[in-house]
Amino acid sequence: MSEEQDIKKIMHVMRRAPHGSIYTYEGLEMILIMAAYEQDLSVAFIGDGVYALKKDQDTAGIGIKGFSKTFMALDGYDVEKLYVDKQSLEERGLTEDDLVVDVEVMDASEIGRLMNEQDVVIHH
Amino acid sequence: MSEEQDIKKIMHVMRRAPHGSIYTYEGLEMILIMAAYEQDLSVAFIGDGVYALKKDQDTAGIGIKGFSKTFMALDGYDVEKLYVDKQSLEERGLTEDDLVVDVEVMDASEIGRLMNEQDVVIHH
Amino acid sequence: MNIGILLKEGPYNHQAADTAFKFAEAAIAKGHKVDAIFLYNDGVINATRLGDPPQDDRNIAARWTELSLKHGVEVLACIAASKRRGINDEVMIEGGEITGLGTLTDIAIRNDRLLTFGD
Amino acid sequence: MNIGILLKEGPYNHQAADTAFKFAEAAIAKGHKVDAIFLYNDGVINATRLGDPPQDDRNIAARWTELSLKHGVEVLACIAASKRRGINDEVMIEGGEITGLGTLTDIAIRNDRLLTFGD
Amino acid sequence: MLHTINKSPFENNTFTTCVRFLQPGDPVLFIEDGVYAVQAGNRFGALIASVLKKNNPVYALKPDLDARGISAIAEGVKTVDYAGFVDLVEEHQINSWL
Amino acid sequence: MLHTINKSPFENNTFTTCVRFLQPGDPVLFIEDGVYAVQAGNRFGALIASVLKKNNPVYALKPDLDARGISAIAEGVKTVDYAGFVDLVEEHQINSWL
């Protein structure tokens, strides 16, 4: 009982495009560590954050290590709640097929409702 | 003659609001040093950059040293070409009377033409 | 109320470090416990003791040391983020410490609130 | 063509340092002279030799040292910006140097181009 | 849940994005460069009014308003100091939009 | 004068601001996160087309496009590598919008 009370709902919100800044990458490093703590983790992709999941990223030319494939590893860490904002995806001319992992595409109001239930929300 | 050829046209473009980041303040420090080198300096205020000139800034509460009054010192350094983008000012509900220094309020196309004549343009 | 703070930008370049400090100060003044300030991304640059700001400016590193020594706030810099940016024990401020992201997770779990300040 | 570069963000946190390096490398390969890289704002953090990035990542500090030693590019950190952020001679990379904004002015005057990279 | 916004809405979309996710009744607090959103008479007045109308209280951090020389603010927006910010955090979980 | 833009137009106004100051004939080069502006089929297509129509050549840095998985780009936009970026800087004075 008290153990269950100790489980916190923590949402990470990815909001930046990859590579232009390190926020998404270091955010992903944070998620991978937190995943070991058996909390109730989720990750929301909003705005330019959806670009982090874009298929076919090849960073060889810019000399920076790519990390889009690391999102595929989240499943193995039991981080399965990946939410993508529908409008952000559509505005950018992307569909679910363009993304490297399976996600739940949701309306902002629905993601907003889930956000509201969190104990901790961290924007990256 | 050859001395005159050495004079470079250098434009500093202020684009950020003050205090939220240091760019405008460190940009101003750069302008004050460059002013001693007798180049053809100008400063353009575009977008949130116009906020740097807003009167009545009182930074005591945020614990950061204010610097809006330093713009008044530019005149003493012979930096007299201060251009403000008309649309940026109007969009923010400001008029020339709201600014700490005398500036030339200009259309974007006019500032763009002046930009185009520069040897060096530095955005802050 | 027990409070953790995540600070994601370095000192002076963004207001984040200032707002985080002002918030922590106000929370302590109201009798709340500020448990820890965790430095991440460029935030780790807050942890260098080599900073030497102008005399008439605030000294942000000294603020963190004060929070640590006077109010028991843990000031913690993420090791991975620190390594990228040249922050290590050699340059660490008094009262500051290098640690891992697991510690941030503990901070998120054990406090009533986790606030983020950044760009 | 003689080129000066103004770099306004620190390593890793923004792509600016990477783009500046890639540009400098390409310019040198084409036979242009990259005269100097001037570090300003958080850009001065590029000048610390204490960085220790993961083995499988690029080492940005080493890139600046290479440009300096191998290609004669001056790597210069603004003293006022450096002091705010804890960069000094103690931690300076090989081939790097602390200097003033007057030097940037000289760079702007003596080169055909001054490029800015930042956030 | 308290939403904080620290970016100027003129240069960056954080405010407009946040509004899409806002649940009825949740307060919004503008801090740092975010406070430019609440300056009276600017073009974000309609968005501020629509947020207030959905029963979302809107606050702005007074020290940040003062630092930017903003004295006239949009109708219905309340100001708080750092102590008031702490009180809001005590009443609500927090969501800091960066 | 060559104008470079390094911000995503979806989150930040740099591109739309730059366009207001652009003189006819001046080239625009998108780099870093700026390259999202030229992805085919997004809502900035009309603005890109209007820039091209005013005889402003539009370029995007290919390594940055590749890094972001963008293969289809708006009609009329040319790509360059870092060497091509250097060539553009040789031909023009530069104005780096940050």
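Should a chain be cited, it is by its letter among A, B, C, D, E and F, assigned in written order, with residues numbered from 1 in that chain.
We adopt the following convention: a residue touches a chain if its C-beta (ideal position, glycine included) is under 8 Å from a C-beta of that chain, and two chains touch if they have at least 3 such contacts.
These numbers were taken from a predicted model, which means no experiment stands behind them.
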item	value
Shortest chain-hopping distance from subunit C out to subunit F	2
Third chains touching both subunit E and subunit A	C, F
Rotation in the CA alignment of subunit C with subunit D, degrees, nearest 5	180
Subunit C and subunit E, separation of their C-alpha mean positions in angstrom	25
CA centroid of subunit A to CA centroid of subunit B, Å	40
Euclidean distance of C-alpha centroids - subunit A vs subunit D, Å	33
Subunit B residues counted as touching two or more neighbouring chains	15, 19-22, 47, 62, 64, 119-120, 123
Multi-chain contact sites of subunit E, meaning residues that touch two or more partners	6, 10-11, 13, 32-33, 63, 81, 93-94, 96, 98
Interface hub residues of subunit C, defined as touching at least two other chains	8, 12-13, 15, 19, 22, 41, 57, 80, 114, 116, 118-119
Pairwise chain contacts, counting only pairs that touch as defined	A-C, A-D, A-E, A-F, B-C, B-D, B-E, B-F, C-D, C-E, D-F, E-F
Residue numbers on subunit C that touch subunit D, as the complex places them	10-13, 41-42, 45, 48-54, 57, 61, 80, 83-88, 90-91
Parts of subunit C lying in touch with subunit A, wherever the complex brings them together	6, 8, 40-41, 80-81, 100-102, 104-105, 108-109, 114, 116, 118
Footprint of subunit E on subunit A - complex, ascending	15, 46-47, 85, 87, 108-109, 111-113, 115-116, 118-121, 123-124
Residues on subunit B engaged by subunit D in the complex (per definition of touch)	6, 8, 10, 22-23, 26, 29-30, 33-34, 36-37, 39, 119-120, 122-123
Touching residues on subunit C, where the partner in the complex is subunit B	12-15, 18-19, 21-22, 56-58, 119
